[in-house]
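Handing you a structure now.
Per-chain numbering from 1; labels A, B, C and D assigned in written order.
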Amino acid sequence: MFTLESGSGFWNPLIWILIIFIAFLLFYGIRGFGKSLYKKGTEQTKAFLSGNKEAAPEEMHVKASNLYWGFTVSMSSLYSRLRKMHTGNVSDYLLWFIIVLAILFLVIGVI
Amino acid sequence: MLSELILRIILGTLSVAAFGVFFGLLYKGIDRKLSAHMQGRIGPPIRQPFRDVAKLFEKENIIPDHAIPWVFNFIPLVGLVATISILLYLPLGGFPPLFSSGADLIVVLYLLIIPSLALVIGGFSSGSPYAIVGAQREMATMIAYEFPLAILIITIAWNLLQKGVTSAFSFSTIASMPVWNQVTGPLGFIGFAILLVVLMLVTPAELSKIPFDSPEAETEIAGGLLVEYSGRNLAMFYLIDGVKTVVMASIVVTLFFPYNLSAFLGLGSYEAMIIDIVFYLFKIFLVILFSVTLIRVAIARLKIDQIVYTYWIPLTLASLIGLILVMWDGVIMNIFSFT
Amino acid sequence: MIQYIPFIAVVCMIFIGLYAAMFRRNLIKIVIGITIIESGVNLFLITLGYREGGVAPIYTSLPSGTVYPEQMVLPVPQALTLTSIVIGVAVLALMLSLVMHIYKKYETLDVQEMRRLKE
Amino acid sequence: MTYLEALIQHSVALIIAVPLLSAFLMPLVSRVHPILRNIFALLMLTVTGCFIGLLTTDVLANGPRIYIFGAKELTLPLVRILFEVDGINVFMAIITIILAIIAVIYSWSFLDKQDGLDKYYTLLLLVVTSALGMEMTGDVFNFFVFLEISCIASCALIAFWIAEGEALEAAFKYIVISSVGALFVLFAVGIFYAQYNALNIATIAQAIQFSFLDKIALILLVVVLGMKAGLAPMHMWLPDAYGRAPPSVTLVIMSATLASFYGVLRILFTLYGNILPTSIRFDLPLNVVLGWILIVLAVVSILIGVIMALIQSDLMRLIGYAAVAEVGYMFLAIGTTIAALGAPYATVALHGGILHVLNDALDIGLLFLVAGAIYYVTKKRSLDDIGGLARTMKFTTVFFIIGLLAVAGMPPLNGFTSKFLIYESVYQLNPILSIIALLCSILMLAIFIKVLYATFFGPELPELKDVKEAPKSMLLAMGIVAGLAIFIGLFPNLFLDSLVKPAADALLNHTQYITTIVGGI
């Protein structure tokens, strides 16, 4: 009754939640055997920077626009094309609307 | 009925967790020993991973200044728990899955994301520049290998669907109808062979092993994601790594080699059980040997853009070719039979 | 042929309006373009309501000799057009007030300059 | 007739009347006291919600219900304004009212320091009215009128932060796009009236012939409503408008957007339901051609939404692009349903698509609420200027993580349930569709993980040292949505069986909709 069935597969969230809950209890208990202490406020809690000096917080924080830099650079040709498409000009918005209308008109109306 | 189900869930979870952790660490030991021998070293004893975990539990559990403590502590547990939960849906040791109607291939594909996601969030929450670089790379790797993996999973299900199976994504269906028995001609066979190779190459990235371990590259970003983790939190990630190895190997075995020896040999109940479990462990060992140990000994680490390229261009193309071959499989045979 | 002229006018008006909205750079002209489209559509609706030999559907002032109610025109298109005109006025007022405010902020009416939101 | 029966019978009209009248009472009420104004808005929407609840129980038990304005019985000629309500209508009405109530709760503290709030609430209630009207009317011209009301009211609301030039720009773009679109809808209405002398959906659907003019009307309606729903490549207004409106407004505009999506469903399944299987040329049935067109546009939406969201640095705009991708998933599902009309998996895809409407509203809504909370405490839009908020905004962080996992379709949240149904049905039409859907949902995860890191993690920034947790009413609003998201994720069948399946049946079984009216004359 609580299984979501798609005809090709199934998914029962409740069983999964129970499993997760029990496993969580188990491993939380196991984790409790570990040592929880550390020396607060000492050199220990500084970020590891291979011995370099720590920068100011603003510089330590990687900015959002730099985050998937590698991905955006490797797809830069696609992005330049998409940027060109999103002109921000309201006339172009209308133009796209008319283009889609025309294509559909050709596909359904004429053919 | 309900209490029976709950009992089944509790016992199943506990036993599968024990199984996953034990064999995960054991195979890790075997893997380390073997790769050491391949490199001409003696290597650590096989029980070394168990000692590592025990030792990590005795170490200080440092929470760095820039970390968000509650996320930092919580996320390794979530990752481990989610990884364990996958094992309950897989056919282990030749037995049908414990909760065969609980989750299917698509769900498991998503559940497999959670450990990697835990690594990413843990890395991001630790506030170290190295960890952030590592987390970005892990995310990029994840996007990269999901593409061929998705193609592969959909292909297997689609092929079963063409055979008139209703639950094409169910693990028990897939295990009872091995893909090799479903092909009608050489094209399908070649297609599935390509897909098997793809899956074997996705496995090391899923487990972030060399050559796809740039998220944790010790030599350049000092352990990446895990650089700030220590003590019991690191032990949790260590366990995730071990359990995930078993999970991935079990998925490979279920998708491509779900055969059992007992039916073949015609054995009785107890012998059958034992021989199936042994055979299953052996199959897992083979998968780990080929897709983890051999690859990581033979190849050097790839850069992150090379990883993305490898998965998005050659492997995606290969799996698409596999998909097309599988789709053509029956069609070509029909053409021949018509003429 | 003569009965098609309104429809041709409708199509022409819609295309003129679209042209103005798409290729004119002045915001006011874009607004005018939209009103032209609207007038075209209104003309279309009104044209649909025309019946040969029909009379206005007003009981008190029926011409003598009308066949009731067959000759009476169904007043739906007129009602639609009235509604549409009212809505059109609201839209026009809103658009013009927006244009006014945009001119205050951007100090231009060029649609090419009004592109702070893009990508 | 008992009191309750009368209430149920008139609830159809009251659902429109209550928010409409309270919208115009709002300026008077807000003269008295601002808090009274807030309570009044909340109360009236709750009353509307109760009527919707009553109507839902009745419609699900007794089938479609008609309400004729100004007459007791249906008479010929059928030019009366009439509302017809069946499973899909009440489903959409429930989504609209949930979003509206949450928006009002949220704006309680979100906009407390702004002026012009009496007009704000008036317009907000008008958008809600128009969305409900679009979702319940049984008349194409009425649909146009409500579309225009929603367009005018939403446009004014988008320009609510009038001090920013960008808000005006977004509003102007929105109204240009919407009014041109609405005029084309009116043109299509004219075409229907010219051919069938009727404005009633059921009457037109019964008589529809698929002449050349009908083709034009179909194309106009589908493209315009697709544009209003945010289908690529006509989606550009959506990130502009969603990104610049106050997030509480975005929620109600989203309900108007989803009402347009409902319009597409109604037009395809009911209005053209009789002639969907007719072949147009080359032995290609209309449903296959139309279905594949929708699928192609949907895949383009998913890809563009996800890819463009990756490079956004403005948080609300980023979520706007994610909303485009989510709309793509819905269209993917209904495109598959139409292309494979009659196949068993088509029904599953439709269930997934309809459930995804609810999930999309909740998930994207939750993300917008979180973005609004971040804007409220930091007064910064760009992701590049914020960081380390998880230390002070614990609850908001948790809500954002829930929203992130839900929108990326991670189990066990609600986004997964509908995407699960979509993946496991569309692959039967073509495996590539499922592959793209799967991949893009993982890309979506990557995008929002980036947002999670950039806003909530990282070192404590000195300029954001003294930010506080968002006010209670905003937390309450986020909490309600997050709770709903988790609840649907854990008990999907509850919603699937009680609401989604009747809605899908109402769409697939279009003759019932027609005979309820045509048979009643």
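In the analysis below, a contact is a pair of C-beta atoms (placed from the backbone, for glycine too) under 8 Å apart; a residue touches a chain by one contact, two chains touch by 3 or more.
Computed from a prediction, not measured in an experiment: that's the story for all the values here.
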Original post:
Which of the two pairs, A-B or C-D, is linked by more C-beta contacts?
Top reply: A-B
Original post:
Can you name the chain that lies farthest from subunit A, using the mean of each chain's Cα atoms as its centre?
Top reply: C
**OP:** Between subunit A and subunit B, tell me the centre distance in angstrom, where each centre is the average of that chain's C-alpha atoms.
**Re:** 21
Subject >> Approximate Å spacing (C-alpha centroids) for the pair subunit B, subunit C >> reply: 63
Original post:
Taking each chain's centre as the mean position of its Cα atoms, how many Å separate subunit C from subunit D?
Top reply: 28
Original post:
Just curious, how far off is subunit D from subunit B if you go by their C-alpha centres, in Å?
Top reply: 39
Original post:
Hey, what residues on subunit A touch two or more of the other chains?
Top reply: 3, 7-9, 11, 16, 57, 60, 62, 67-68, 71, 86, 88, 90, 94
Original post:
Could you say which residues in subunit D touch two or more other chains, in rising order?
Top reply: 172-173, 176, 180, 240, 308, 311, 411, 416, 420, 424, 427-428, 446, 450, 453, 458-460
Original post:
Multi-chain contacts in subunit B: which residues touch at least two other chains?
Top reply: 66, 104, 106-107, 127, 132, 139-140, 143, 157, 161, 169
Original post:
Chain contact graph: line, ring, star, complete or other?
Top reply: other
**OP:** Provide the full list of chain pairs in touch.
**Re:** A-B, A-C, A-D, B-D, C-D
Original post:
If you look only at subunit B, which of its residues touch subunit A in the complex?
Top reply: 5-6, 9-10, 12-14, 17, 56-66, 77-78, 80-82, 84-85, 88, 99, 101-107, 126-130, 132, 136, 139-140, 143, 157, 161, 166-170, 222, 227-228, 230-232, 235-236, 304-305, 308-309
Subject >> subunit A contact footprint on subunit C (complex, rising order) >> reply: 18, 21-25, 30, 111-112, 114-119
**OP:** Going by the contact rule at the top, pick out the subunit C residues touching subunit D in the complex.
**Re:** 14, 18, 21, 27, 30, 34, 37-38, 41, 44-45, 48, 74, 76-77, 80, 83-84, 87, 90-91, 94-95, 98-99, 101-102, 105-106, 114, 116-117, 119
Original post:
Considering the complex alone, what residue numbers of subunit A touch subunit D?
Top reply: 1-4, 6-9, 11, 13-14, 16-17, 57-58, 60-65, 67-68, 71-72, 75, 78-79, 82, 85-86, 88, 90, 92-94, 96-97, 99-101, 104-105, 107-109, 111
Original post:
What does subunit B use to touch subunit D in their complex?
Top reply: 66, 68, 70-71, 104, 106-107, 109-111, 113-114, 117, 120-121, 124-125, 127, 132, 135, 139-140, 142-143, 146-147, 150-151, 154-155, 157-158, 161, 169, 323, 327
